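Look for chain A in each of the two complexes below; its partner is chain B in the first and chain C in the second.
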Partner chain A sequence: MTNHLGDMQNSEAIIIFGANPAANHPIAMQHILAAKEKKNATIIVIDPRYSRTAAKSDIYCRIRTGTDIAFMYGMIRLIRDNKWYDKKFLNDRVYGIEEIFKECEQYTPEVVEDITGCPKEILIQATAAYAKAKPGCLIWNQGWTQHTIGSSNTRMGPIIQLLLGNMGVEGGGTNILRGHDNVQGGTDMGCLADTLPGYYGLAEGSWKYFSERWKLDYDWVKSRFKSKEMMEAKGFSLSLWLHGVLDEANAKNNAGTPLKALVCIGNGISTITMTHKVKEALDKLDMVVFIDPYVNDAAVITTRNDNLFLLPAASQIETSGTTVNTGRSAQWRFKVVDPLYEARPDHEILFDFAKRMGFYEQYTRALGDGKGNFQWPEDATREIARTLKTIGLQGWLPERIKAQTENWHMFDTVSLAGYGPMKNQYYGLPWPCWTEDHSGSPVLYNINKPVSQGGMGFRNRFGLEHNGSSLLAGAGSAPKGSSVKGGYPEITGDNIESLGIKLTDKERELVKGKNWKNDNSGILNKKAIAAGLVPYGNARARTIVWNFIDPVPKHREPLHSIRTDLIKKYPASADNPNHFRTAVRYLSEQTAQDWAKDFPVNIVSGRLVEHMGTGTETRASKYLSELAGEMYGEIHPELGAKLGIRDGEMMWVHGTAGGKIKIKAKYGYSVLPDQVFLPQNFSGMWQGEHLGDRYPEGTAPHSYGENSNQVTSYGYDQQTSCPETKCSLVRIEKA
Partner chain B sequence: MGRVKFYCDEGRCIDCGGCVVACKEAHEVPVGVNRRRVVTINEGIEGREVSLSVACMHCADAPCQQVCPTDCFYIRADGIVLHDKEKCIGCGYCLYACPFGAPQFPQNGAFGTKGKMDKCTFCAGGPEETHSEAEFHAYGQNRIAEGKVPMCAAMCSTKALLAGDSDEVSSIFLTRVASKGKGTPKAPYGWDKAYGK
Partner chain C sequence: MTASTTGRLGRRSFLKLGAVAGVFGATGALASGEAIRPASEAELKEAFAGSKKIKTVCTHCSVGCGVVAEVKDGVWLRQEVAQDHPISRGGHCCKGADMIDKYRATNRLRYPTEKVGGKWKRTSWDDAMGKISSKLTELRDTYGPDSVMFLGSAKVSNEQAYYIRKFAAMFGTNNIDHQARI
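After this line comes the complex of A and B, so read on.
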């Protein structure tokens, strides 16, 4: 999220793609409604389903699932032709917009209407309303990311914002609403298959930097891996690990062996696609461990009867530490009660693992005095602050975060600015928080503020030039108070003095060969900020990503598209033999058969307001189960009539990958007659069978339902491998 | 002082059900008894879907009180309509009279046999001794005695649901109406004085 939740109250228009904050982020919705009231902000919702959020919108655009890119190119074409773009912003701060303008040419309102199903008049109305309102904020959610082309969706949003000059301003930005509590923190800490914490990547230099920070010998760290090559290779991702178990051919991408064991810590692995394949993989592994406060429903789905371990973990109120919200703000979570029964906090469980596997000493060496005497979790927070410079966590000291949390009433919820004793800091020290006394940065890329108060330009991340054009920001677009007026490269020990900053001999020695990401002395950051410079440089945002499959984002039809006639013109990308260690099918899956012929109904998937993820936690609440205690599929009465299924009757839903579920039909008008809405929060029923007796005594939830992902289709994002839970086709029959 | 009132702003209510669950958790209301409910009408129909949270409206001239054969209802000076479960015979007459469907009856028994009626107390407990176990058991928490607003309104995620002295409720709503389209303040009014600049 470039801005933050409260900041949406400053928006003149809010455009929401693939998100349903009214159901999934009710607190965020408060700020959206406040903008609507106080600023008369126009709320525009683009969604295949008329959601609770759509019910609060001024303009609703119903599009077919997976056609957001075509819709946005339609917007861009209108913005270009009507000259609604911000010329100065494009000139000074953006690279590659010409290629975007070239790509949008084919997306006339008529073409967009044909691809998306949204009437062209509505596209024009929405675009005009959004482009003319300044500032406008753009929101997205899993409705964008969980696609084979999700990584293109998430590039198109920022491109629209750059085009309109909505980046780096209060009330603007791209506000991605995270799926649940502390997802931002989890990502920052490297809960990813392709990077060390802080997005440092997996290159040798990054491993060496982390080894040093962990007070470990790099060669010892390396010796823990099968080879240096595997150490630096992306791992199996959350969505693809099952193929590392099931498909022996992937072993060649995994140092010659299939995956043999799974340790799953607090993750609802049945919310990824094709749960029936997840079950197969769980059954096949040598060992499976679940670490959760509640019984993970995947542990009930698997029918293995040996080497399955459930370790009870403490919940968030039984432990303490930082938690990071969707707006990059940290807050201290204080322990409310000691863990109940035999539950233990995650770190204790992990420490025990490390002890038994013989590396506890190395595991904890960077904590406290390095001899095993440390304070948990404060010393871990200090280790994070000491290490993660890429996102500027140097200022996230436990004392500062605790003081803020205890004085939260002294912060304005709209601007996050602190008052009185909390002045000169923003709530949660939103990262980057460059130094131990930095304010935090509530709005990314805001050049109207000095760096010391959270200002910054775009990061110099992709070199100094591309195809002969400079990638550094243009003249007159540096943050307020900057000693350099235009763009400049990321700060290193070698270039800092050429930017007009003086170093003493001692300082020069300390930062020699270092850059802002690995300078442990902190000199580069302090000196740069004192001169009004951003440690990461001041560059242009790039709209084209030359190392991606689609350098310019392209509309590609879903692998399982209901519009078979469009596949030829907008085909999927080529199959990828090694995508996060997995051979992934794209074009071959799309063209394997005429999917829409046998599976003529489009899934629209989403969450219910009562439930979280698989519902493991929320279905254990009797009141939430009372409000939403039954799995269903919402179908238009017209589809029901066609299939001979009445409201409330049971139906079988068959997926393209061989899974099936037996669920209740609920008539509704939020979907079109070729759609079925499936909530993704249920589990504990398996193809008509009740799994309640598989729960250990006393741990069963209050409500059960078929897991919708048994019928979602094969498909993974072409860059990130995020599962395609959104564009799936099914066949529905009366049960 | 005015009488207490609820107000639910349908422009803000998003049917999140937070008020319902807050109420049930606070008072340990049995499953099946809903002192408060969120109703969504015209669900899924473009431009016509509206959600509203409804509970006992604590009427000044309460029909339930007028029809009750055992006269179990009483209205406090602040307008909160309460009833005495000792006197209630569970006949369900109040449900006929109530324009909002507020009275609730336990669902146990083969034919939905009516137990004693239960309804929203505005978080003001009942005729038993304030904060006694007997009061909590029969009526739930007494937040009004602690100077707090009802749990539902306190937990409302979008602040659609307002509760309290009707003068206060209407002044909050009037302020919202008056500030419509007037912009978001750059800084909270008066904080520089309260906390220092």
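After this line comes the complex of A and C, so read on.
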């Protein structure tokens, strides 16, 4: 999120795409409803399903799954033609909007209606209401990311906000309601196939920086890898690893080897697409290890007989550490009790593995005195603070985070500003928190505040110019109190003095050849902030990404589109021979057969308020199981009548990739007659078979259900490889 | 770490006191002659005598709601919403309200378990860790470090997530990912 949850109370309009906070983030929804009550904010919901959030909206736009981009280009065209855009903002702070205006030309309200199914009058009404209300807040969630073009969806939202001048203002911003409790932190910490912690990437310079921060020799770290090439190559991703097991042709992208073992720590892998293929991969591996407080449902999905280990991890209230919410706020999760039974905290399990595999000393050298004497987790918090400069974690010291959590009553909900002893800091020190005494930054890209109080422009990340145009921000767009009035590049040891900042000879020596991302002395940051400058520079936001498959975001039909007639005009991108080490089909999958003919019903998937992820934790609860203990598929009575399936009867749902599930039909009007809503939180039933007796003694959950991803389709985002669960097609039959 | 328990009487604590008084009164009215021990001053306080209240954070979704856990002798006794938390303001969904039961659920994985010949078998940490480490080392030596896939987590702390990433790096592979990819 660029802003934060309480800040939504400052919004005059809130537009929600592919998110259902009423069910998935009920406490975030309270802030949205407060905006409606206090400011009469207009709530606009764009969703294929009339969700509980849609039920609270003023304007509801029902679109076909996977057509958000067409809808948004329709909005942009209307904003352009009616001159509802913020001209000054575009002039000073944005690059490439002309290309967007060119692309939107084809998306007339009539074309948008044809592609999306949303009546053009509703599109116009929603666009006018949103564009005229300032500030407007834009929200999305996994309804946007789980598509082959999810990465284009997530670019279009910010483009609309830039166009309307809604970025960097309270009550505005692009606000992603993320899933798990520490998904923001886990991402910041680089548990990712394509980057080191803090989004440093995988290039040699990053590895050298991290080797130094880990107090290790770069050559030793390099020697751990098969080659320098593999060290700098993206790994298999969460959604694609199974293809590294099943399709041995991918070995050529993986240093010549298929995957042989999986070590899975706190991850419900039945939430990725095609669970029946995940099962095949689990069955085929040489060894599988699950580390969880409960039995991972995948451990009973696999029918392998040996080399399957379940290690009991402590729950997160049996250990302590930093957790980061969706608004970039850090909180200290204090330990409540010691781990129960034989459970051990995850880090202790990792330390034990490192000892047994002979690299414990190197693994922990950056902690404490470097000789094995350290305090967990505080010394790790400090290690992270002195390492992750890119997102400004220098100020996230354990003492500060703990003091804030202990004093959470001394912060304002809407602004996050602290009172009394907590004055001059925002709750959770939302990153960037540039220095040990920085306030944190509750609203990203806000130039109405000094940098020392959370102000900043856009980051200078993509060079100084492109196609002859400057990428630096225009005049008058620097944060309040800045010594430089317009744009400037990211701060380096070489350019800092040219920006009017004086250094002593000693300081000059210390920052020579350094930049704000690797200056361990902290001088560049402190000097820049004292002069009102942002360490990362002040640049324009770019609307075109020249290194992406679609430099300008494009509508492309889903791989399995119900509108076969539109595929020719809006085809998928070309097949990719090495996408996160995997050969991934796009156009060839889309055109392999007339999918809609055999699979005429669109899946709309989502969560239930009672459950989280695969439901491994929540279905282990007897109370939550009592509230929502049964898998179902919601269908429109018209579809039921056509298929001869009555409310409450069982039906078989068949997926395009060969999976099938037997579930109860539930009649409802939140879906259209060509849709089925499937909750994604169930597991433990397998194609009609109950897997309860496969659990180790005494570990079975209180509720079971067919796992919906047995019937979701093949398909992965063309940039990120996020699975395309949201546009899957199915065939339904009476059971 | 310990929430203030002094001074003002919150609505909830008022209701709690009311409930205690109600039970006492009803029993009194039945007057079977049994002596009811009057609740002591300490018992009538909002918290159990000798307990402490720990502020912590819900482990379900990314909103980050406050949870107040009352703990005595290492046992989590009662859970309270955090009325004064700046984000959740005393709100909880059904998952957050169930935090205490989630932790003390009897169907947790209680000890290391291995599947041998198709049957689950209780094993020791030492045995399981030894076998897994040997196998990982053998795979690394035979096929290279890229023969192993690590999946990390959006359900662990920053510090643990950072150390999961570091572990994969030192094992020698970028085959590491987590739930942000879905």
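Quick note on the criterion: the second predicted complex is superposed on the first by the 735 of 735 C-alpha atoms of A that agree within 3 Å, B and C clash if a C-alpha of one lies under 4 Å from a C-alpha of the other, contacts with A are read in each partner's own complex, and residues count from 1 in each chain.
The definition used in the following text is that contacts are C-beta pairs under 8 Å (C-beta built on N, C-alpha and C of every residue); 3 or more make two chains touch, one makes a residue touch a chain.
In this text the structure is predicted, and so the values were computed from the model without any measurement.
In the superposition on chain A, A:Arg52 makes contact with chain B only, not with chain C. In the superposition on chain A, contact of A:Tyr60 is made with chain B only, not with chain C.
After overlaying the two complexes on the shared chain, residue contacts for A:Pro26 are found with chain B and with chain C alike.
Contacts of A:Arg304 after superposition on the shared chain: chain C is touched, whereas chain B is not. When both complexes are overlaid on chain A, the residue A:Asp412 reaches chain B and chain C alike.
Look at A:Gly266: by the touch rule set out above, it reaches chain C but stays clear of chain B. By the touch criterion defined above, A:Asp369 lies against neither chain B nor chain C after alignment on the C-alpha atoms of chain A. In the superposition on chain A, A:Glu342 makes contact with chain C only, while chain B stays out of contact range. In the superposed pair of complexes, A:Tyr623 makes contact with chain B and with chain C alike.
For chain A, the partner touching the most residues, choosing from chain B and chain C, is C.
Overlap of the chain B and chain C interfaces on chain A: residues 26-27, 30, 412, 609-610, 621-624, 627.
Those residues of chain A that touch chain B in the complex are listed here as 9-10, 22-23, 26-27, 29-30, 33-40, 50, 52-56, 60, 410, 412, 414-415, 417, 419-423, 609-610, 621-624, 626-627, 668-671. On the chain C side of its complex with chain A, the touching residues are 1, 54-66, 69, 71, 74-76, 82, 84-89, 91-96, 98-99, 101-118, 120, 125, 128-133, 135-137, 139, 143-167, 169-182. Within the complex formed with chain A, the chain B residues making contact are 11-12, 14-18, 20-21, 24-25, 31-32, 43-47, 49-51, 157-159, 176, 179-188, 191-192, 194-197.
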